[in-house]
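In what follows, subunit A forms one complex with subunit B and a second complex with subunit C.
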Partner chain A sequence: MKFQLKNILAVMALAIAFTSCSDDDDNKITGEGSIKLEFDNVYGDADFAFNTAYTNSNGEVIKATKVKYIVSNIVLTKTDGSTYTVPKSDSYFIIDEGTATSTLLELPNIPAANYKSISFGIGVDQEQFNLGATGQGDFLTTAQNAGMMWSWSAGYKFVAFEGTFTSSTVTTDTSYMVHTGQTGTSYNYNTINIDFPENAMVRTTITPQVHIMADVKHIIDGTNKISLTSNNMGGMGAMIMGGANLPLITANLSNMFEVHHVHND
Partner chain B sequence: MKTKIILLLVFSLFLSCSNDDSVGYENIPIDFQVPSNFPPVNYDFVNNPLTEKGFELGKKLFYDGRLSSDGIISCGFCHIQEDSFTHHGHTFSHGVGDAIGTRNAPPIQNMVFQTAFMWDGATTHLDLQPIIPFTSEIEMHGNFADAINMMKNDAAYVKLYKQAFSDGEINSENMLKALAQFQIMLVSSNSKFDKYRRNEIGGTLTTDELAGYSLFNQKCASCHATDIFTDNSFRNNGLPINPSINDIGRFRVTELDEDKYKFKVPSLRNIEKTAPYMHDGRFYTLEAVLNHYSSGVSNTQNLDAYLNNGGTLGIPLSEIEKMQLMAFLKTLTDTEFLTDSRFAEF
Partner chain C sequence: MKKYIIIFLSIFQYGFATEKDSLAVHNPFLKFHQFIYELDDDCDACGCSASGGSMGFASMLNTNFIGIRYFNQSYKSTDGLYSNSPWYDENFNTIQVWTRIPVVKNLQVSALLPYHFHNRETATGTQNISGIGDVTILAMYRLYQTHKDSTILTHTFQVGGGIKIPLGKFDQANNGSVNPSYQVGTGSWDYLLATEYIIRRKQFGLNALLNYVVKTENEKKYRFGNQFNYAGTFFYLYEKNNFSIAPQIGFAGEVFGDNYQYKQRVRNTAGDIFMGKIGFEIGKDKFSFGVNTMLPIVQNLTNGNVEANYRWSINFNYSL
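And then the complex of A and B:
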């Protein structure tokens, strides 16, 4: 008898669970809204700023003067696991630390729903590259204006990170330039997947703002440590724009981004 | 009388207005035929269907110096039709502000049958290839925003973009698509050699030419493969390295040691017309080229295996064999292509 009661209770609990689920069900939410993505560059546990000295794990002191990256192919995942893909031709952006307006993306025409995670690419994907000019609209113009066209390879810089550095052996300010993009050996595009700490509730009346922290440190000082000092060829500066370092830097980007919080208002 | 004139003027205003409004997409397809002796195309025409207006726009862009920073250097400045779209006589070409590069302007012909472009294969998509010379500081030093602004203020361009593309937009996408259409159409396939290969009238080779073709197949065709005469690979053909330039070739793209001093195997079509030769234009005559292969090959890093037979460098060639090879190479001259009025600047 007791056992049966337990069963009944369990069934009742399940029923309540389902009912409460259906209360929240996305199907009841209709229409479209917008979502805002804020890319907030940080360095480790500090806010990121130009011309500020940061010491990396190689003991190098770096001061950046440029941080730019291409964000592309944004996909939002709902709490039920289904996804919304921002139309490809509207899904290429250049985030530029030096241009405040570029760090806040507002994406329109998002189906109203509760979203739990986001994915986006850093760079321009190979599928797009293989289409040639098709579907690019005027993004090449935008990229050239932003200094993100990689002219020599007829493509894009996916990440541009530049400034000066010193180290125990490089005692005067020496320039560094880190550019990633397609090379003859690797494509160097990376897809970032990150969960939201709380759901982003897109409604006709609510435009959630997703606060993404982008830790610039990870570009050369992440899972893979790239030494500027050992890339300082002939004292002319560390020019990292190809070869084996680019896939390592690309892999580092996987841990560069996290969603700090979501505003639903 | 006065009113009549005014009426006429007003009327003509309306006419010109309505003419402008009626300009729209003119989808007159160009039927692109692959010559029967050619390899397959490496291009997806679905994304950029060839049309007469698209080609016309591409040609206008190709010959328009206003795309460059100094308003003078067009694509056609360094790629001249009668020289099979090379810069005849120029080891290196001069770009904007008389800047000089370090590589010889290659011919533009049969592009759609190739898989990589530029001497080091820096790009693999024909649509995107023009970005390199267009934006290079030592070539056209062009800027997309400036070029688009110029074209938006040019009635002829405004009209052509509307006719060439269904969206009618003047943007970098359509600009590159039109340039691709023009380059795709630059097919050289009617040389004496082609006619020989296709058993057409005018395709009878002389004894020397036939002997040269036979030698070519034995000694050259491993790299200069197929009837477009390139296997699309990158190789070091044993040129002594010029220390003042030290061009590392394909290494620039891959940063692999095994790619140092390798350059794209060029096509040999219209070779009689494309002097000077090699990536740096160091040889002024075909005789000098053949002499290089027979006795000038240098054992530099990554020398191609075909050019090093157990320590013997190069390709052994007698004087008679050189003469026969020369005779064969001249059968690759395609006068029809070099004088085709569809491609001409004027």
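And then the complex of A and C:
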């Protein structure tokens, strides 16, 4: 029996020897890397697709044909609380559901660090707009080409969400257009802050990819419910491009984004 | 527990009542030994570290053998991103050369050398990976064994340890949001601890095994979660002249810890599975042939993003 005990002890000792080896390599993180932000549009829990019927909480069935929004002023927060701000000249993007490449942003020259959260704006901030047409750089043309600009004086469209809908009283497919941007009384730029469920570990050798779920449903069916039916003026379609609805939609955007996961590959 | 074993055994006995009369009772232990070891055949819910998981390391009919085993694991997986994400089939195939040889008295060494060829569906077509997998070497020491003449019930208790050598290629690109185990190797040196207990009464027996695999970080800074495997198999051994047959039925389970990448936990990688299994082994002279099937009873793999459908294996052994 004694002999057996010795064997058991030997096996256990081996087990401990095998499990106790680990090395810490969190010493010095230096250099720069890149980070990728993937904007994945969803509707509720479902993968979003154009021309697909979705029922909102007002009982309206919508089929979208356009989803575009401007993402700007990206700021990354490290685990120690310090931040890295992407230079303004490289920090304006248009996410377009219709153009797959536009939904994946690769940001270069990011200081190597562990990042825990991100913030970005939806739209173009007022400070930038106030620089005037010449202060916009290439982005003005980009926005015009993408149809994300009314006119210089009216400004940028921050979000464009278009398609057709039906409801109990609107029985034939009727178009809707939701465009946000500045109004006479409200600028309607919104800053989104979201945490990463796991750290994005930017290194010279690691380019993390942040998978952001953008729930399109929230635009008109979030905290504030915007009825397309009641905006269907004279049966010509629901054109929501100004007035009191825009601040409500802008507020909805705060809950539209969520980081689903981060790949550190 | 004992009561249930007895009930189970008596059911089994009833089923074989006609054959029982003609049993060649003399020296059942010889064949028996070969047979029991084949039980510890584990497959991981991982294609990669598939050294056998809860499927085992040896033959029940032969103590010392060399053989070849094929096993197939069928899974389906989803990226888990959306409520309407598609499910894709995954097929893990392994051909394994395996052997078990005695080194000194009471000490046997098992070695498993797998070749994997896996395939899975993707949105853009079928994807294949194949190659030599990780080699496992395991030493089992017999701590205790009752002599067959002294009691009605005989017990055998073995403990052992082993090592898994990363011969298989770990491809980080496969480590996306789907099944993290779609690999031919973990890329890591892993360590196994194993115990096996066999209780036997005449032709009937129960083999219980537990093993724990400690996985380490690979060169790509990815570490698969540690794995705990267990299995219980009831078997019956019939022998006549040079012929033997051993039907077996039981259960097996695997529990996986979280995977880590750069020492950061990777979400949705832990899980567990509990399976029923049934099979048999037939031996004639120095050759034996075995078939095993496992079906999941309860499972929760990678937070429901991977589902095991079934596993089955077939093997040919030559006793040394």
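Just so it is clear, the second predicted complex is superposed on the first by the 233 of 265 C-alpha atoms of A that agree within 3 Å, B and C clash if a C-alpha of one lies under 4 Å from a C-alpha of the other, contacts with A are read in each partner's own complex, and residues count from 1 in each chain.
Methods note: a residue touches a chain if its C-beta (ideal position, glycine included) is under 8 Å from a C-beta of that chain, and two chains touch if they have at least 3 such contacts.
Please read these numbers as outputs of a predicted model, since none were measured by experiment.
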TODO: Could you say whether A:206 touches subunit B, subunit C, both of them, or neither, answering first, second, both or neither?
DONE: second
TODO: Answer with first, second, both or neither: which of subunit B and subunit C does A:244 touch in the superposed model?
DONE: first
Open item on the list: Once chain A of both complexes is superposed, is A:197 in touch with subunit B (first), subunit C (second), both, or neither?
Closed with: second
- [ ] Considering only touches as defined above, state whether A:263 meets subunit B (first), subunit C (second), both or neither.
- [x] second
TODO: Look at A:149 in the shared chain and tell me whether it touches subunit B only, subunit C only, both, or neither; answer first, second, both or neither.
DONE: first
TODO: Return first, second, both or neither, reflecting whether A:55 touches subunit B, subunit C, both chains, or no partner chain.
DONE: neither
Open item on the list: Quick check on the superposed pair: does A:47 touch subunit B, subunit C, both, or neither? Answer first, second, both or neither.
Closed with: second
TODO: Please indicate which partner A:134 is in contact with in the superposed arrangement: first for subunit B, second for subunit C, both, or neither.
DONE: first
TODO: Return first, second, both or neither, reflecting whether A:184 touches subunit B, subunit C, both chains, or no partner chain.
DONE: first
- [ ] Using the touch rule from the top, collect the residues of subunit A that touch subunit B in their complex.
- [x] 129-141, 144-145, 149, 151-155, 183-185, 242-244
Open item on the list: Considering only the defined contacts, which subunit B positions touch subunit A in the complex?
Closed with: 44, 47-48, 121-123, 125-132, 135-136, 143-145, 148, 169, 171-174, 176-177, 180, 250, 252-256, 259
Task: Contacting residues of subunit C [partner subunit A, same complex] - done: 81-85, 141, 143-144, 159-161, 172-173, 175-177, 191, 193, 214, 216-217, 261-267
TODO: Quick one: which bits of subunit A touch subunit C in the complex? Just the residue numbers, please.
DONE: 4, 7-8, 11, 14-15, 18-19, 21-22, 26, 40, 42, 44-47, 197-199, 201, 206, 211, 213, 260-261, 263-265
